[in-house]
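Next up: the structures, one after another.
You will see two complexes here that share chain A, one where it goes with chain B and one where it goes with chain C.
Coming up: the complex of A and B.
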């Protein structure tokens, strides 16, 4: 059984649990509230998951999540046309991803360190860019296009689905996806088969930075206020989402579906705790337990699968041996 | 086995920081044969493989491949000519499926933008199973992750990969190291199968009993020199053991 399937089972169990605690948990109103904010987190988790599958980390996504929209807003205040400001803002995300990748790969240091540095640098830049006060949201920005509230869902859900579809096809169906898994699975073996592993990793760093910035933009567009504190601790939550969804910390394993389910699970856990009238401060304890339980459960599921295969292999070997014996006896 | 030589080496010499690792080595390898290259540690086997696989260049001497002189600058060049080397620790990604491993870096795609395209998964799965069947390796599904295979089966997958991409010469570096008796026999069967399909194999080992049953030709090395080069019908396991031990 695949790890993301066990995450899905856990998702169903937790949803049912909260539904029993309060049947309004699955009301259209609550789903509308939760799914209104979740797409942003899913998009970040997708970027992180792809990068982790390639064998690297990005701790700067939370800061990029704030820096990119802040850049857009300030550029518009400087008189730059909105769409041009959006393009420039998103290219900041790409640039941060590139710098993360360049430092990690060029100097051969762990991405954990390179992006930890970037976490502080990008957050600091965001605060400096506010000039002391969070600027007002310029309504010339086309925010409705990204966050318009339909009956139940927001436009951001469809943007997220688009991102997930493209990322899913890229990771699971294209040869580039094959190289990403190979690079994260065993960098040495992948490069001996002619894969340019550094280019593959660089692509994933850039994609991760871009998606973090894009998701941050959606959040700012939704709340119509660029806050320098936006995305605080999001890097850990995104890694948590990926890991809950079955992405391996060591690279080479994971799916887009898993990361998305992980992110949704975290948001519904938060909502469920509130709806069950538990003190909201328990959310972090719940998330912490969820991380540990899901990884233990995933590991157990995978081991069980492997043991079954080994048992089958052993049985077949026994059969082989019996056949050979019979042949010998006949001779 | 034909009488044509696929590889011919003349007077190869190689020094590593003053150590004379390969001394005037000449060797002829016949097309479609299995050559057992045996010798103790430090006999110069690895140096010879590195030269044949394009990883290192000889200091003096010539190599002829299918009658033409070749000077390899990289392993990729040797691979393009059809000389593929399989090292002890095979180049497989443990978490990935058999089919994906066989096609790593050489995926078949429907269309491509630059070098990126959508993989033809079904075609690749089928080709992978056919390639495995060609080396007499019968596995249930091309989707099985490689880390669920035994050591011998993994060697089989690597051999199938080399076969699928039309290698003419396969250099196997200690392919039976750390394998159980049963697994060793599996690998030997794969190598025997190669001969039938017109692939020449050079089987490097320090274990004579592994290579003797399947080899057509045996070449013994010691201290960087070739000390014996015999067709199997002209020798016996006792003579070879004596050569290996007493050099």
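Coming up: the complex of A and C.
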């Protein structure tokens, strides 16, 4: 069984459990709340998943998630036209991704370290950009286009689906996707096949920074307030979402669908724990345990699948051997 | 596979049994801090005690990150979706909680604020009442009380705004600053100045930042913290070799570490906002509103100035997690 399918099964089981605990868990109101937030996190998880498939990490996504919208808001307050401010803001996300990639690839240091540094730098820049106090949200920004509420869904869901579709086609149906998998699977082998692995990784870093900033923008547009604390711990949550969805920590393995399901699972877990009225002291313990259980479950399913494949292969090999032997005997 | 499925099913069943609510009412407290902040223990205790008295099913919703307003908003919205009978919340941002508060009220769920109110009070939010300290006034009175210990000559005060983005923090800081403006106007013959910095929300960060500040500004007369982290500042200046009382320190709230610094002579004053009341009275109000249709009322939980002479008496209650 593919890991993202087992995550999906797990998702159904957990949803059922929480629904039994509180039937309002799947009420339109709660779905509306969770689905209002989830697209933002899925977009970040998609960026992280693609980067992880290419064999790298980005710990700065939470900070970029705050820095990009804060920049946009402050630029509008400086009199820059809203759409131009949005473009400039998103280019900050791209720039951070580029710097992450440049430092990691040029100096040959682990992306974990390069982006950990960027986590602090970008968060600090966000606070600097507030100028001491968080600025009010300028209503000249076209936020409705991104977060318009339509029944239980928001427009952000469709933006997320658009991002997922483009990323999915790129990753699973294009040469670039093949290069990303090859680079993450075995960089040396990919290079010797002629893939420019550094370029591939750089592209993934930039994409990740861009998507983190884009998602942060959607969140700011939704709550109509630029908050410097936005996206706190998001980096760990996004990596958790990707891993829960079957993306390998070691590169080369994973899907967009898996990362999306992982992000949805975390958001519904969080909501379910609250809805099940589990005490505050247990909140993080519950979330943490469920993250571990889901990854253990995933790994177990994958190993079992591999064992079955090995067993089948071994049986087939034995059959082949027997057949060959019989043929020899006949001869 | 079967074992895992069985295990997960058991977890789901355990959730169900653990959450079968027999209580008459369900109340949620949606607050803006994580579970590690010492101040909130007394609020939580008051909340739990009151819930036990009225046999309510209560849930305190904390945050993964101290002060993460987006997460707090989400918790507030989830509480509405749960269909609870009453919500107590803090309002740490002037605008982002407004729609959710209105939505709860429209759904027939009474909302009262405790500990931190909208900076504009009832004018800024439709919440039904506020139970807590008048933050701006408490800041003003803290500064006024400490000013009686100011030395003669020029005065330079440092105000530590724990987190510039939290309304409770900057509102208290504004109160302190307002007093300093009045003090300056009343003392035209002296050079009275003040400065605000973002001081942080843990003891070591505040200690480091204040120590760094006073090294470049050795003329600093006093440090005000908008939380209880002046205790961290005390540690910071002690490491620099300051004697007790050489620089005056004051802040908010009663926590053990502040008492220790008071006994050592480094902290001169703190304001007690009686957090137990904030949890306790909120539940009783919600209960009476649900049960008898009584209306909500504002309660000022206090601005008592606590000095080193009061420490022994207050500490005698400390083991009860009430003060």
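As a convention for this text, the second predicted complex is superposed on the first by the 328 of 331 C-alpha atoms of A that agree within 3 Å, B and C clash if a C-alpha of one lies under 4 Å from a C-alpha of the other, contacts with A are read in each partner's own complex, and residues count from 1 in each chain.
Definition applied: contacts are C-beta pairs under 8 Å (C-beta built on N, C-alpha and C of every residue); 3 or more make two chains touch, one makes a residue touch a chain.
Bear in mind that the values here come from a model prediction, so they are computed numbers and not experimental data.
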{"item": "Per-residue contact with chain A, leading partner among chain C and chain B", "value": "C"}
{"item": "Contacts of A:185 with chain B and chain C, given as first, second, both or neither", "value": "first"}
{"item": "Touched partner set for A:227, first chain B, second chain C, both or neither", "value": "second"}
{"item": "Partner chain(s) touched by A:88 [first = chain B, second = chain C, both, neither]", "value": "neither"}
{"item": "Chain B versus chain C as contact partner of A:157, first or second or both or neither", "value": "neither"}
{"item": "Touched partner set for A:194, first chain B, second chain C, both or neither", "value": "first"}
{"item": "Touched partner set for A:253, first chain B, second chain C, both or neither", "value": "first"}
{"item": "Touched partner set for A:129, first chain B, second chain C, both or neither", "value": "neither"}
{"item": "Touched partner set for A:5, first chain B, second chain C, both or neither", "value": "neither"}
{"item": "Doubly contacted chain A residues - partners chain C and chain B", "value": "none"}
{"item": "Residue numbers on chain A that touch chain B, as the complex places them", "value": "169, 173-179, 181-182, 185-186, 189-190, 192-195, 248, 252-253, 306, 309-310, 313, 317"}
{"item": "Contact set on chain C toward chain A in their complex", "value": "1, 4-5, 8-9, 11-13, 15-16, 18-19, 21, 26, 35, 44, 57, 59-62, 64-65, 67-70, 73-75, 77-83, 93, 95-96, 164-165, 170, 198"}
{"item": "Chain C contact footprint on chain A (complex, rising order)", "value": "10, 13-14, 16-18, 20-22, 24, 27, 29-30, 33, 37, 127, 130, 132-134, 136-137, 219, 223-225, 227-230, 232-233, 270-271, 274-281, 283-284, 293, 297, 300-301, 304"}
{"item": "In the complex with chain A, residue positions of chain B that touch it", "value": "76, 90-96, 100, 103-107, 109, 115-119, 121, 144, 147-148, 150, 182"}
